[in-house]
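Order as written gives the chain letters A, B, C, D, E and F; numbering starts at 1 within each chain.
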Amino acid sequence: MKIRDVEMTAFCDIISERAEKANHEYAEGRGKVFKDYRELLKEDLDAVCVLTPNISHAPISIDALKAGKHVMCEKPMAKNYAEARAMLDARDKSGKLLTIGYQNRYRPDSLFLKEECDNGVLGNIYFAKATAIRRRAVPTWGVFLDEEKQGGGPLIDIGTHALDLTLFMMNNYEPAYAVGTVYHKLNKDKKTGNAWGDWDPKKFTVEDSAFGFIVMKNGATIILQSSWALNTTEVREAVTTLSGTKAGADMPQAGSLTINGIKNGKQYVLTPDLKAGGVAFYDGAAVKDSDLEAQTFAKAIQGKGKLYVQPEEAAVVTRILEGIYDSAKTGKPHYFN
Amino acid sequence: MKIRDVEMTAFCDIISERAEKANHEYAEGRGKVFKDYRELLKEDLDAVCVLTPNISHAPISIDALKAGKHVMCEKPMAKNYAEARAMLDARDKSGKLLTIGYQNRYRPDSLFLKEECDNGVLGNIYFAKATAIRRRAVPTWGVFLDEEKQGGGPLIDIGTHALDLTLFMMNNYEPAYAVGTVYHKLNKDKKTGNAWGDWDPKKFTVEDSAFGFIVMKNGATIILQSSWALNTTEVREAVTTLSGTKAGADMPQAGSLTINGIKNGKQYVLTPDLKAGGVAFYDGAAVKDSDLEAQTFAKAIQGKGKLYVQPEEAAVVTRILEGIYDSAKTGKPHYFN
Amino acid sequence: MKIRDVEMTAFCDIISERAEKANHEYAEGRGKVFKDYRELLKEDLDAVCVLTPNISHAPISIDALKAGKHVMCEKPMAKNYAEARAMLDARDKSGKLLTIGYQNRYRPDSLFLKEECDNGVLGNIYFAKATAIRRRAVPTWGVFLDEEKQGGGPLIDIGTHALDLTLFMMNNYEPAYAVGTVYHKLNKDKKTGNAWGDWDPKKFTVEDSAFGFIVMKNGATIILQSSWALNTTEVREAVTTLSGTKAGADMPQAGSLTINGIKNGKQYVLTPDLKAGGVAFYDGAAVKDSDLEAQTFAKAIQGKGKLYVQPEEAAVVTRILEGIYDSAKTGKPHYFN
Amino acid sequence: MKIRDVEMTAFCDIISERAEKANHEYAEGRGKVFKDYRELLKEDLDAVCVLTPNISHAPISIDALKAGKHVMCEKPMAKNYAEARAMLDARDKSGKLLTIGYQNRYRPDSLFLKEECDNGVLGNIYFAKATAIRRRAVPTWGVFLDEEKQGGGPLIDIGTHALDLTLFMMNNYEPAYAVGTVYHKLNKDKKTGNAWGDWDPKKFTVEDSAFGFIVMKNGATIILQSSWALNTTEVREAVTTLSGTKAGADMPQAGSLTINGIKNGKQYVLTPDLKAGGVAFYDGAAVKDSDLEAQTFAKAIQGKGKLYVQPEEAAVVTRILEGIYDSAKTGKPHYFN
Amino acid sequence: MKIRDVEMTAFCDIISERAEKANHEYAEGRGKVFKDYRELLKEDLDAVCVLTPNISHAPISIDALKAGKHVMCEKPMAKNYAEARAMLDARDKSGKLLTIGYQNRYRPDSLFLKEECDNGVLGNIYFAKATAIRRRAVPTWGVFLDEEKQGGGPLIDIGTHALDLTLFMMNNYEPAYAVGTVYHKLNKDKKTGNAWGDWDPKKFTVEDSAFGFIVMKNGATIILQSSWALNTTEVREAVTTLSGTKAGADMPQAGSLTINGIKNGKQYVLTPDLKAGGVAFYDGAAVKDSDLEAQTFAKAIQGKGKLYVQPEEAAVVTRILEGIYDSAKTGKPHYFN
Amino acid sequence: MKIRDVEMTAFCDIISERAEKANHEYAEGRGKVFKDYRELLKEDLDAVCVLTPNISHAPISIDALKAGKHVMCEKPMAKNYAEARAMLDARDKSGKLLTIGYQNRYRPDSLFLKEECDNGVLGNIYFAKATAIRRRAVPTWGVFLDEEKQGGGPLIDIGTHALDLTLFMMNNYEPAYAVGTVYHKLNKDKKTGNAWGDWDPKKFTVEDSAFGFIVMKNGATIILQSSWALNTTEVREAVTTLSGTKAGADMPQAGSLTINGIKNGKQYVLTPDLKAGGVAFYDGAAVKDSDLEAQTFAKAIQGKGKLYVQPEEAAVVTRILEGIYDSAKTGKPHYFN
């Protein structure tokens, strides 16, 4: 993640070479490099980005806020809702900004759809699907397969994006209850056809797929589907499908969007061209999603605009995911009261 | 429904003209016509088909069984599980055959998939979707919109087919619990774009969409989606999607089918040609689904084969649908124990 | 053309067999048959349909109006504007209804587009294309090729539909001037590849293609293209293309429609589903264009609604076509003062 | 524009940095750099390329010819026909070569079509369309939007290419008269969806679309359509469509081509593969359009071939465009005699 | 096969019901019916059609010619070349016409291609493929599977069409030698997926696929592929592919055609529209292949034109097929000296 | 060809610059460079790659083996079977490894298909097509067109790949006899449309297309088609098509694959996804074919695995191609015994 108009001056990793590499990639080697994040937090910095395994999102972010830094923390906000609330508390006490890295909100299709939702085009959204289904794309590097360090697999890793998009479009953060199921079915397979090469069955301790059914306080339903490995052809990731009283919306794939409804007594589909126009010899100019994310955070720090991802929203995502994991364990609904 | 190799000799409808019409269409006017089904049951008949509104499926079928007739009853088996059990009891006492009209099981794609499932090609099926989603296709004739006579709308009318197919393929009739939601959101609309013309908002008392999440005793999940009217482009009806430990299956639309899995370390899709082959000047020979259904019933009566739809299976479908309606009312799961 | 809810009781053709045939087809032989239309007009009839070659549209319609009949006359209204004005005069004096058979206005795409135009969705329409281009589809029967009887070829025969649709959507009947060109280039060809078999070069006296550029008093432009025979692959008939200040519309082929514009800073295309919805086993219910045309006329006669095609509008179509033919002859613009 | 086999030794721009940049890009910094083109013309150079705003095409080209240089001037040749004639005069007096940068003539589709036209495959071309329609692709940089500096918008900027291609294929440079319309309708819009970002409404003084109808002395018609911004889905640029007595030709998009006609009494379409063939691991060898343009000019200077774009032809393009602008102002045809 | 402008007055079949049925279908019951063809030949008839199993093509045709009738015999002409020559001898002695029912020559694609070949468009054709490949379309009725009655399977049944088309287009009837292979590999399969239902393995005595390589005296090669049942996706029947010195031709499927070659140094594909043109509401007029075949024969009898299928040509087809069967048996080439 | 994990230390070419260039490209200039390969063979090298014209494959490989080097020789193994056997003899005497560069075996489609064949999925393969058809892609550089140096054209250059793949999949190296034809038909053409520019007719002494029909000892048939220049649209290269008793396989183009057969009485097609899976933002990891080839050779030298291309197999390919050339010369079959 590059932040424009912003100087990156310090980098930290428990493996020094990685911090050095980042220093060269993002600061042409002029930054300082740390092995212990607590040392880094002593520096005179405006803001800190937390890009560590899920287990340390909360403690590092809280320490950073305590140290008086603004914080952008990668998604998911935390391993569970208690941690997420602790982060919000730290934010409140610090008076600093806290935001979460849900970069899919900055995609052109997401921006267009959010504008439609805010304009009331869809009416009251009462049914939605949050989808993050991969056929065989298990991330085999880093700690992704490690239950202890990550707190879960596809549900917490990519399901979190789909659910965040969905809640954001519905502008509905009041869940009533959730049920869920979580599977470890394909993690012992060999000759897997996996996008990143075969996984190590011994290390693959997180779930390979997880599903949930969430009922909101206003009666709306959200069906959540997530998988890294599943025998299916319905592969879509980081997308939401919405059905409202006035219109519906579908993202056939991340980056594309259609709106549907009834006009003059006829069913219609409206398809926006999400590229920036373009002519024969030119593809159009577009800001990259990740640059827009970084710019938005930088501007908010400078008081020039609002955060686009409020941590209170991200906390609800984490809360619901925790509810699904909980329901899968107990075989009962998890009530949010 | 025509039954081959079988003589149709009696017809009944509370509106006499309809019975007369059927007599001419199916028996060239040589059959007897009744207004009261109890009179018809006094005739010397082998079997009776029950094609009435849902509310009378159980009482008429039970009377027919008591009268010593074999019975084919339209889907859904009954308005609720209690009625369905009563039908099974009557069947047991009568020693006659009882079957339910789930004709989608006789489609070429269903037959092929069932054979694959029985051969173990999919392995253990742990995740499934039963889908019956229409955008605007509300049946405006007869009693379809009448809560009292039908017991529900799209869930009991077309969701029942999708769920039956799903359970049948999984060969799993042991539900643990279900949650569900039911909506009446578009039934007041005008200029509706409906396939069969605008509905009468006053008469439209059943739901327009309903959704459920079913957890089976063996841990498997079924997501059930049904609608007559919904703002969506994901329109599919009477289809199931299955994910097993060895392979998956998808019906892109009713009548088409793909199998997916991993072979030699590569993802594959297998597509059967469900037509009967064919050459340039010939489309191939095929038995129609409905003829196959009738033939199977007729043969079973003659002792030449088994029923393809066991009423015990249909009773479970009715039981689960009742659970979803119940959950939608209570806001809590419905446990089957 | 069948008229529902209306009894057809008299038929006329200078070739008696044709009138007899129509009598059997539309009145089961119970109607009266005439060879001279003046005799028919003495009958006690509410309305008359004029379906003769263009040359007799005006005289017969005027006689019918004088005889106190409502009149529906086939398109084009007349061979020239003077005749068209005479028809309007006769209509005014008679107090009866006069309408013209522009049935393409009743197509679902036309009805949808007209509703959008009336709602101001397109804004001010300042550029339009009226297109009626066939590659090789010269009507070789009847009097279509006869300059004397028809007054022209593709321009007056099919260009008239495209121009009528265009003016109707623009709701703009004030032309300033027109220029045009008319060609007789392929009418001597042999082995023509024509849809209805080779034409007779000797009889083919009308133009094979004609083009016009029309400037309206409010500054709008209409480009009119028409051909029965042209070396081209851009084949479309009875369609209009509109560019307005707020949105545009295109009919890729007669019967299909897209709306285009800008929304949330992005280009969009809106595609209505012009069929009546439909589910797997049902195509939806639709009124046929020609039935709708006849019903509308019958209702207007009964005072239950307005004519959908005002003869004043049709007169302007005829006026502009005359201007294009005139410009092609003189090599100068034809001004409508 | 790079010229092969040719040394580029001098560069000029009123903004020095740009000239310096070109010097480094095209001459590795070894060239001379000028701010005043009159100084450059004192150098010992064979040829000069004029790539300035339209307003200075004529004066600089004339000065260069007077200074004894061969000249390649960007399209359009000049702001008006009087200037173009002055350039021809200067060329005649100088004895040097003058050519105009219509590089679309060097595209593979253009080269193929020209060869067909020259071979008489199309016969006599009597109807043509010159098309340069963009939906929202207004060039927002430089002086493109400045009426004073450019003399117009899409008509003179891109319509000029489409018209040049059309006249060149027809080999017809004898216009009789033209009518036209010019619009400023969308230039005040905001959130424009423009390919190069929103324009500044205050600076956008040229037209946003323009249309013309041109009648040639031999009776042929050319319909010219051009836009930078128009509510339309019929987007094509730098293409021509031709209808001749023997065959037709269409460029679905710039770079592709089909020929159509009748053969053995059947309609046919002939599609050339305009790439250089190619096999699985190789895309074929092709000369780039712009290289071919430069090579042709360089060879002509060396006496090894003819110019491919004669300035007399370019002057007619400018003449016709002037006629269209004139007709739009007066509301009358512009006669060329 | 219906013959227009011709009265069918006598019908014969060894199963009387079939002859009766034909009498009603083609002669409204007014014809005479025979069980023994020798009786029929005593009637006063101009011409006779022979539609029997292959084994009796020659004897019946010869008897008919001896009886002074013109003869149209179904393809293949005979089971072997000796019989075919005997038929030619009988034809010569009788002075009557003999033709063979290769109706694929009358398809629009065949007619177009023949015209191109005759015009020399393809130049000298030196490589061709005759293709008649079905995946699973074994004709299970009649005597098709009976080696004794038919003389072979797909090679003599459908390969004969493909080879006839190929020789006819090449206008080359001088084979030098042929090699071939013949397979009985799938005829014992069950659950066959066959277009006409499963075959009876016991009765399936002919080959299921056969292949040949034919070298003509002028050095040209023909590859012949035929199958009723083969594990393949390259399914095409009754088509030829030609490569000549000037151009090539391909029939992607029976009824479609493309011509390919080089023009202006570019590869091109020419695609004729083989339908009769057509407009939005009309598909064009076309003579059916079989009607054209019958008309051509009837006209030839009346002296109004030539036979389109010369029996000498059909004899060469039979001769080559015999050669392939022979080569398959001996494992050596079959030389035609 | 790069060999990973292997140091390239010596390069040889009779044109020194080329050897120098390779030294810089593959060894960063640290290797030794030779003009005479005999000098190179005196170096202390483990293995040698022979990439010379076909004429020197055998002598250099034999010298290299004699010098105690492992050898990878480009395809075809040799100009004829006698040379190939001499290479095998040299290999046997040297005790070193010899392999041939048939890199198409390492493609993902080939690897998948080979695994299926080895698993018996196709059953007994009795019909196959080896296809290497280019339309106009004659290699105009080097010695490709030189009969003397190469021993032939497309048959020996690319037909060799298709035949090798076919035999390898069939695992059948026992040919009975072959017939063939060889053409020099288009080599005198001008304006050729060739992928690599027009050829020099004087230098083009090899064939432009060649075809063969090969019968194996077990009765199987292989049809071999090869061309560099042919008027055809059926362009495919380095592909095989297989028909077995249990299933079939087709490579629509090199790199893609489908398997076909019958399952549950229905025809099916199985399509493997030959890319390495992949998600939205990632294309999957794949080893390049050529790297896999080099790694396999390097591992075999190190005793870590088998050669994937046995020279005995390549010798049979050469033997069959020689048979086809021979048959084309004699007009008779070439028997292998």
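Just so it is clear, a contact is a pair of C-beta atoms (placed from the backbone, for glycine too) under 8 Å apart; a residue touches a chain by one contact, two chains touch by 3 or more.
Keep in mind it's a predicted model, so treat the numbers as computed, not measured.
Interface matching across A-B, A-C or E-F places the copy of B-F, with more than half of contact pairs shared by residue number, at A-C. More C-beta pairs in contact connect the chains of E-F than those of the other pair, out of E-F and D-E.
Mean C-alpha positions place chain D and chain E at a centre distance of 57 Å.
Separating the centre of chain B from that of chain E, both taken as means of CA atoms, is a distance of 49 Å.
Computed centre separation for the pair chain C/chain D is 40 angstrom, with centres defined by C-alpha atoms. Residues of chain B in contact with at least two other chains: 135-136, 193, 264, 266-267, 269, 273, 277. Looking at the complex, you find that chain F touches chain E at residues 122, 124, 126-127, 135-136, 176-177, 179, 181, 183, 185-186, 189, 191-193, 198, 209, 211-213, 215, 219, 221, 223, 225, 230-234, 241, 243-248, 250, 258, 260-262, 264-267, 269, 331-333. By the touch rule above, chain C contacts chain A in their complex via residues 108, 111-112, 115-116, 263-264, 266-274, 277.
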